[in-house]
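Mind having a look at this structure? Questions to follow.
Order of writing sets the chain letters: A, B and C. Residues in each chain are counted from 1.
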């Protein structure tokens, strides 16, 4: 099968592509059958996901408490409060952006590094890949247990090691330090998920034809050059997936925060998803619905900005 | 970029960072609460699997295990089928129409579960899907479909168009192209997506908590909650539960990892 | 039950129309028209036969065994009724119980935390009026006040806990000479003595907001100008920037050297461990932790202590108690007669005694014989001058977190003025929303 596809793939572009000026032009003719493919997904999604979500949206302009039979329409006042007069929401947003920034950079870099180092299918790579993936298998609640243990000021490993090597001055309250807490959570998040995103990078790397590397080597390219000019541009789709997925994951790191910070978490550990949840628990369903709309807008904006940024690094230079 | 020695150092250090906390969990599962706090990082004094006995003989555990397996395997398989169909179609429908549908589906990732869980609860109740494995499968599918479509479409877009065009010239309809070209070439990304879905669905707590009340239908995360008291948390039992509950995922991972190797061959198709 | 479902599906059509429809459907499962309707159902079913399966929903996983035993005994006396426990941990119970119980498929008998959750559940029409039950006499009337709303008894608080520091009686008597400090200077002096003996005076889980907040109860009980200070903070009558609250924050700063190192990052389990291994003299959470500490191997005598934050003659209260685990009958239950039978069974002194002694918790039921030595030791506190834990007056969780968070923040190094101002801003914003 490999051989035949190869020939086919080789034949068409020559016959088809050069005649069209616009890149997309060649594909303007859509086989009508293609429209059937997304139908099952769209149907399920519309009925069981989008529908309920839209219903939740209707509440965003109300003061519904989540259980009473009656509620009032409050117009856009929920949104007004969120934007201009809500320290808790703003604090959660700030924390979330800090968290996002650290996690996206550290996790993407780390998972790419690991993927490059482990891309070949040797026995040891396979074993290490499995090991690195292991934390992702644990539920976030379990990860939180593990790291609560690590960060504990009295029994935790980090302070014990610091004390053991005479660096008592560096012993910290970690999650209890209001200025640092969110970064310590970010570290736990990277620990738990770097191996998971490594898998995406490995899948991306393995879809790069080996011949490209071979010809680059023949041209005398160094290891760094091969990475820079072959790997990096060609794993663009994987990078885009990893960055976008990590972003969403960072916005929704919910169990981990509740596990590490308690329910409801302190202000220094609150992020947007926990904020919405607390608002909901606090019997302010209308306000929580409004918060989730703002939340989705923020995710959309951040994702778009990131798409730009990733493209720039990939094609810009 | 990284020499052989450097490579080993990086991998070695990272391996330690992963192993040490996991060792705390593993050794912890052989300790009593007292011992765990006494020397959290020390070796257990005994390897007697007392905690494992308590976890495995717990009546709810066996049922939960079966339920989790049935629900997760079914939901992952269906999500992959539905998701890859959508991804294939959307990656090949050009222009704004395809992108709009894709954007609409993928937007679901940004929706916090808390914001639609009440309307969902009401809908499931009306359809008689509460307290049923089918209902749980359904909610897991729709909740993870956006992620699946997102990852799979991303990968399918990277497949050279020529691959499919060759097919159409031979007279193969999109269904045959999907089955005999797109799917085989996408095995690595399907495997990667499958692992993601397994992890998300297997560990999901929110939906089972909300939708399942019947003890005969509980899943593992719910059963694990039984080990957690209000004020007295039995860490060793919890750690044991974590290990027992994670074991199937390790198996799933090892199984799916083989397809990365297959992916290497599939990838060469494009050369 | 059939009629309920038919009404439900008729309403279902409305749901698609809009928000109003959904509200109606949700209210449909809650038992709309609220209390009136459900009360009459409750009254009707009392005369019915107690039979069938019921679900008992609660959050005390550690009480499962004791309840299992009681359920078996109950089955012997009432063979037609079988009880099943539906347990979810307290955090989840806090957030999702309302949704789950409302449908009536779970929690024929259910519980609520005293405070915001109880109030919400009564408002949602979940509780059936149980004022006129004969077994109300089994309870100590003062202790079940917390189960009343507008003079109607909707639920019966079951547990009595003391939300004030637990002490290692040996360590404290060695340091302070036996008698409990009567004023703030005395308390600080005791802490000083303990510290000079090389133990941590107070183990305080500043990293766990839920448990860290228990100390708040005792810190404000004598400082505040009235007993409903938290209600008044929430209503805007009192401010976090008022003198009495600033004083409280400054006293937290004074306590800082007596907490374990890096207290703001310590979770509750390590605190229990420090206390159980005699490295700390007080555990600043509450009596509900005594059983947990015993399970960790503690063998010393334990007592309770509350910091008296004022001079001896200004002290109104010696300690804090709370009546919680508010038992009630679900208004959506299809089997209220059986549910009432189980509730009645739990209210008998012998059964309550088994529960109390088995779980190391005092109960609201009268004439219970406490044989558990820890319960015996703290039993005198049942008659002392104690205040019903004020932190549960907060009905808005964000306000509660903000106010208690200020106390944690000052221990972390923030100035009391800044912390108070920050908390008050949140209170004002929450009141405006």
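Keep in mind that, in the parts below, a contact is a pair of C-beta atoms (placed from the backbone, for glycine too) under 8 Å apart; a residue touches a chain by one contact, two chains touch by 3 or more.
Remember, it's a predicted structure, so these values are computed and weren't measured experimentally.
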Chains most often in contact, by C-beta pairs: A-B
Farthest chain from chain A by C-alpha centroid distance is chain C
Need the CA-centroid distance for the pair chain A / chain C, whole Å please. 38
Find the geometric centre of each of chain A and chain B from their Cα atoms only, then give the gap between the two centres in Å, rounded to an integer. 15
When you check chain C against every other chain, which residues touch at least two of them? 22, 26, 270, 273
Among the residues of chain A, which are close enough to touch at least two other chains? 55, 66, 155, 277, 280
Which parts of chain B, given as residue numbers and ranges, touch two or more other chains? 37, 118-119, 235
Residue ranges of chain A touching chain B (in the complex, touch as defined): 1-2, 5-6, 8-13, 16, 24, 26-28, 30-31, 33-38, 40-42, 44-45, 48-53, 55-56, 66, 110, 113-114, 116-118, 121, 126, 128-142, 145-147, 149-150, 155, 157, 160, 191, 195-196, 199-200, 202-204, 206-211, 223-224, 227, 237-238, 240-241, 244-245, 248, 251-252, 255, 273, 276-277, 280, 285, 288-289, 292, 295-296, 299-300, 303
Would you mind writing out the residues of chain C in touch with chain A in their complex? 18-19, 22-24, 26-27, 30, 32, 34, 91, 94-95, 98, 102, 116, 120, 123-124, 206-210, 260-267, 270, 273-274, 396-398, 401-402, 405, 408-409, 412, 414, 422, 425-426, 429-430, 432-433
Mind pulling up the chain A residues that touch chain C in the complex? 55, 58-59, 62, 64-71, 78, 81, 85-88, 148, 151-155, 159, 171-178, 258, 261-267, 277-284, 287
Seen from chain B, its contact residues with chain C in the complex are 33-34, 37, 117-119, 121-122, 125-126, 130-131, 209-210, 213, 215, 225-233, 235
Using the touch definition from the top, list the residues of chain B that touch chain A in their complex. 1-2, 7, 10-11, 14-15, 17-22, 24-25, 37, 40-41, 82-83, 85-86, 88-90, 92-95, 101, 104-105, 107-112, 114-116, 118-120, 123, 138-139, 141-143, 145-147, 149-151, 154-155, 157-158, 160-163, 165-170, 173-175, 178, 181, 184, 188-189, 191-192, 195-196, 199, 203, 205, 221, 235, 238-239, 242, 245-246, 249-250, 253-254, 257, 260-261, 263-271
